[in-house]
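One chain, subunit A, appears in both complexes that follow, with subunit B as partner in the first and subunit C in the second.
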Partner chain A sequence: MIKTKKTGLHTFMAVPAFLLFSLFFIYPLIQGIGMSLTDWDGLSHANFIGLQNFFDFFKDERAVSDIGNTLLFALGSAPLLNIIGLAYALLMNEKFKGKGIARVIIYLPAVISPLIMGYIWYLLLQPGRGFMFHALELVGKSSWLGNWLGDHTAAMIVLVLVNVWQYAGMTMVIYLAGLQSIPEELYESAKIDGASYWSSLRYVTLPMLMPSIRINVVTNIIGSLAVFDIVMALTDGGPGYATETLSIYIMRMCYGSKTGYSTAVALIMFLIILIPVIISMRLTREKE
Partner chain B sequence: MKNVLKVFKYLVVAIICAICLIPFYILLILSLNTPQRIFYQGNMFVPDFYFRNYVDAWNKSHIDIAILNSAVITIVALAIILIFGTMAAYTIARFKYKFNQFVFWLFLSCMMIPGIINTVPLYSLMIKLNAINTLWGMGVVCATIALPSAVFIFTGFIKSLPREIEEAAIIDGCSWFTAFWKITFPLLKPSVAAVIILNGFGIWNNYAQAVFFLQDSKKHNIPQALSVYFQQFAGAHWNLMAATAVIAVIPVIIAFLLFQKSLMRGLTDGALKG
Partner chain C sequence: MKRLIAILLSAVLVAGTFTGCSNSASTNSAKTGSAAVPSAAASSTASGEHVNLKLFTGKIETIDLMNEIINDFNASQDKITVEQEYQKDASNIIKIKFASGQVPDIMTTYEQGFADQGKYLDLSDQSAWWDRLSPEMKVNCTDVKSGKQYRICTNMTMAGFFYNKAIFSELGLKTATTWDEFVKNLSAIKEKKPGVTPWFIFGKEAWHLGHLIEFIPHGYIKQQLGSIEAKKAMLANDKAKLNFGAADGAMATFAKNLVDLKNKGLINSDVLTATSDNCVQEFVTGKAAMLSNGMWVLSSLTEADPKIADKIGFAPYPSYMPNSKPVVLSAEDSGYSISATTAHKAEAIEFLNFLFNAKNQKKYSETSKAPSAFKDVQAEWASTNVVSEVNTALKDAVNIGFTNEKPAGFSGDDAGRLVQDLLSGKYTPETFATAYEKAWNDGIK
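Moving on to the complex of A and B:
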């Protein structure tokens, strides 16, 4: 073992990353707390107004329904992403020809801008003109396809499905990495003990996969609750504000010169994200 | 029975792949149709091969500037992530100093905070720094948001490399700092590929931060240019929209195909064991 000199350049190697992160992430985060207590409009003098912004938020029907939309989206999107991602990974971990190409294809949607994805699905679902409408018309079921993007529930379902469909590959890759670090011997000894496919999945794969499950669950919760692009492209938050999410609301409030207010909304959103994240971290840790 | 299962497996994989390829197929067909043609009319598998769309899209959409802007932003951001991120990960992985442990803890906890939370206060900081509507400013913002997860992946990967490789270099007279650049850094390739794939494309496609920090149309990145273009035509001219999107997507797909081979290694060797 070589004696490490107490000082030397290696001691300070985390400093540049730390300084950059402090200036562009931590400092605005803390400053945001101060800003949220003011009526600042982004230009003129800011007045201290206490918790008024927070009271205003919960009095605004649009804001409260935005919380609902955001939670609804995440409630659909995060579990589906994990289940489908895991199923894909289990399938892609089997031995078969063309596995490499299949993995690449499944990941491919994730590298494209969600905005482009949104536009493509908009084209497919346009009421009366879109491709889906005509496909259903051909089989005589055009009545099935109403104005999906113009109806709150249907639009939310479409948003969730498009998002899941785009990012299932990303979840899959993390699960695949986890699956491949499980030693083969564990499966062999499970087989010797007479374990079926399902019981070795239950008692070997899933427990060993816990670190990947935690990463995927947490990142999918965060990603889903912060959803922005796909909603902007597909529904623009509409009809009216029916599918508007919190991140779009923050952006619009900031554009509307309600800078102080929008930082207050961001803090509320932060708490909304923190709670499910902490809960899921606890749950995945205990089972490990 | 075994053969039936095998055929079934291939069938399922084929269906999944087809579903994943649908948008690419639609984009391609649309981009090659004449403006008069309606997508679902006639044979959906044979487009008109109307290549003029690409010329028109290129001339009308300013996508060339947007691609250049996105490229500069992505390169700036990735350079910062790769240099600062790997350096931090190295010292965190190798030395248990209080400061290192604190930085790692800070990054881990901030992985849970999406960028949109501090975007508004960051905006006023960016004004003070004259960084609004600059590509370097946008690059720095994107780098900061991606830094925690990148450090997490790099740290796991470096921990999986034996410490002896650096110690051997130190016996030969290197310091820990130069040993990193000479020995460890070149070995990080798989984890660099993983970070580029997991973060790089998000930066290239960034929209949520771009709407705040790149308001000048000359500095628009690809998603912004596309959204302006889309709103301008309000859903008409799908052939031009699609051609523009194809032009914008090509560099991304090339980059992805180049890096995808190392992705799995970068993720399996360490990242998830930490």
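Moving on to the complex of A and C:
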């Protein structure tokens, strides 16, 4: 057995990481908490106003509506990303010709900037002049393409679908790594016991994939609740504020001379993200 | 040996972290020092030290020309060097600069809130500039609250309806002075030229819809109250005079008219997703007959198709309320301010004197395609046709300025988003008017 000897060296070697973490995380966090208790407008002197910013947030119809939009986006995106990502992974785990190219194609959108992706989809979906309009026009079906990005409900659906289309490949890669680490003997044993494909999936694959599920669920919840770029490019939060998310609201408040308030909203957003992340981590840990 | 390497690496990393902090701290303190103690810096200038001036701008159309003028200025003397910094999102970036104490000496961004907080130098005593400026533009550059001038504009800009003269001529149409005539014109275009959008609105860009409010219902209030009284009413939020929420008021009537046009198919069906680029393309290719915009769109139109210059017509916004007249925006453009905390006031004024001389302003006006605000500058800022159209519109309509007195928490972009909601069916004209009034009142708090 290897014996480890604790010395002061261990502590010293952690100092750079601790300093960097303190400088770029703990210090801004403390600063942010302090700022959220003020009426600072980014220019003039900041006055301490206690928890007033937090009370104001819940009285602001636009802010409450933005929480709804953000949650709606996350509730649509996170499950879809996992279902489609897992389906892709199961497919890519099989042996077939052209698998390598298929994997690249599925993963490719994830390496493109979400802002660029948003603009690409905006140009594709423009009614009357976009690529899809002209493609459908060729087959006499241009009326199928509605002005979706100008509709309150349809715009949110488009945002969710574009997000899922972009990141399903990334979810797939994590599931694929998990699938490939499941010992083949478990499937052979299940087969001997007469298990069908679906039974193997339910009683072997999914339980063994729990660590991958946990990583994917947590990262997808965080990513979806903090969404910014795709919304800015596709709808700019519109029409009106129909697709405005909390992160966009924070940015607009910060630049709208409400810097203290925007910091309070950022802290609220931090809590909004933290709650589902803790719940999902607890749930998946129990399953493990 | 391994332990030694580990200790050395850790020490280097720790030192690196502190070095970064130390550098940043010294840089910041140097900058803060120079901004906070103008007298010390001023004395160093007096002692003959070289001065670097920062000019901050968001005006993309004049970047190259400004670099040329700045190079000429820098070469003309050896005690001042001017550096230009351009930021696309200048109105927001300047807030960060103010907050971080990195305030530029000269800037082209201006906001009422900054003026209220004393961020700009009082330029009221620069009579050499004001004597040369058109009296209307001097009024537009005057802060209503204090009666002082914190900025000087080099140009004027106008906004109204740009229309395709060839289409109007082919259909025998005349520019409208009333809303009824306007609707008749649009209907005639739709009927006789089905492939042409009568009025193209690029509503994905909320600021554009905000401008419609600015020019039409706000324009009505300004012509009814007069320019200065309207500004005072907006600053004081005089609800009796502004009357935004009235069911038969200027705001509700504007909303009703816009919804009517949408329902009749007289504006583009993709109004909520169309962009400025789409609008320019549709107009220059003859697929759109009219668009609302300011003179700043001219360069985009002529860039997209140089031949369009002769076909461009310009008309005021028609009257749409009882006892009102057509209006056209005639406002200050390209304003220059000096930071109140600059240590180099004299040098900043010296540079602006150079920039404002008639020779440079002729070039400036022609590059920015906007008429000069200086009376002694004769520039060919647009084609003869456009200049003639604009002059006629200015003569025939009530001239209004921009509303700089809006509540800090209710921007033109916010107003445009309300119009997006109106066009997407969330509001009726009446609920739109009350929502606008509420947003305005909330923005003041």
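A few notes on this one:
The definition used in the following text is that the second predicted complex is superposed on the first by the 261 of 288 C-alpha atoms of A that agree within 3 Å, B and C clash if a C-alpha of one lies under 4 Å from a C-alpha of the other, contacts with A are read in each partner's own complex, and residues count from 1 in each chain.
As a working rule, contacts are C-beta pairs under 8 Å (C-beta built on N, C-alpha and C of every residue); 3 or more make two chains touch, one makes a residue touch a chain.
Since the model is a prediction, treat every value here as computed from it, not as a measurement.
Contact with subunit B, but none with subunit C, is seen for A:Met117 once the two complexes are overlaid on the shared chain.
Looking at the shared chain after the overlay, A:Pro16 reaches both subunit B and subunit C. In the superposed pair of complexes, A:Val64 makes contact with neither subunit B nor subunit C. In the superposed model, A:Gly8 makes contact with subunit B only, not with subunit C. In the superposition on chain A, A:Ser247 makes contact with subunit B only, while subunit C stays out of contact range. Of the two partner chains placed by superposition, only subunit C is touched by A:Gly150; subunit B is not. In the superposed model, A:Thr259 makes contact with both subunit B and subunit C. In the superposition on chain A, contact of A:Ile279 is made with neither subunit B nor subunit C. Subunit A has more of its residues touched by B than by the other of subunit B and subunit C. When the shared chain is aligned, subunit B and subunit C each come close enough to touch A:Gln126. Shared interface residues of subunit A, touching subunit B in one complex and subunit C in the other, are 9, 12-13, 16, 20, 23, 42, 122, 126, 259. Across the complex, subunit B is touched by residues 2, 4-5, 8-14, 16-18, 20-21, 23-29, 31-32, 35, 42, 88, 91, 94, 96, 98, 102, 104-117, 119-124, 126, 131, 134-135, 165, 169-170, 173-174, 176-178, 180-181, 211-212, 215, 218, 222-223, 225-226, 228-229, 232-233, 247, 250-251, 254, 259, 262-263, 266-267, 269-270, 273-274, 277 of subunit A.
Remark: subunit B residues 6, 9-10, 12-13, 16-17, 19-21, 23-24, 26-27, 30, 39-40, 80, 83-85, 87-88, 90-92, 94-95, 97, 99-100, 103, 106-107, 110-125, 140-141, 143-145, 147-148, 151, 167, 170-171, 175-177, 180, 197-198, 201, 204-205, 207-208, 211-212, 222-223, 226-227, 230, 235, 238, 241, 245, 248-249, 252-253, 256-257, 260, 263-264, 267-268, 271-274 touch subunit A in the complex.
Those residues of subunit C that touch subunit A in the complex are listed here as 3, 6-7, 10, 13-14, 16-17, 21, 92, 95-96, 98-99, 113-114, 117, 119, 204, 206, 268-273, 278, 408-409, 411, 417-418, 420-421, 423-424, 426.
For subunit A in complex with subunit C, the residues that touch the partner chain are 9, 12-13, 15-16, 19-20, 23, 41-44, 122, 126-129, 147, 149-152, 236-242, 255-259.
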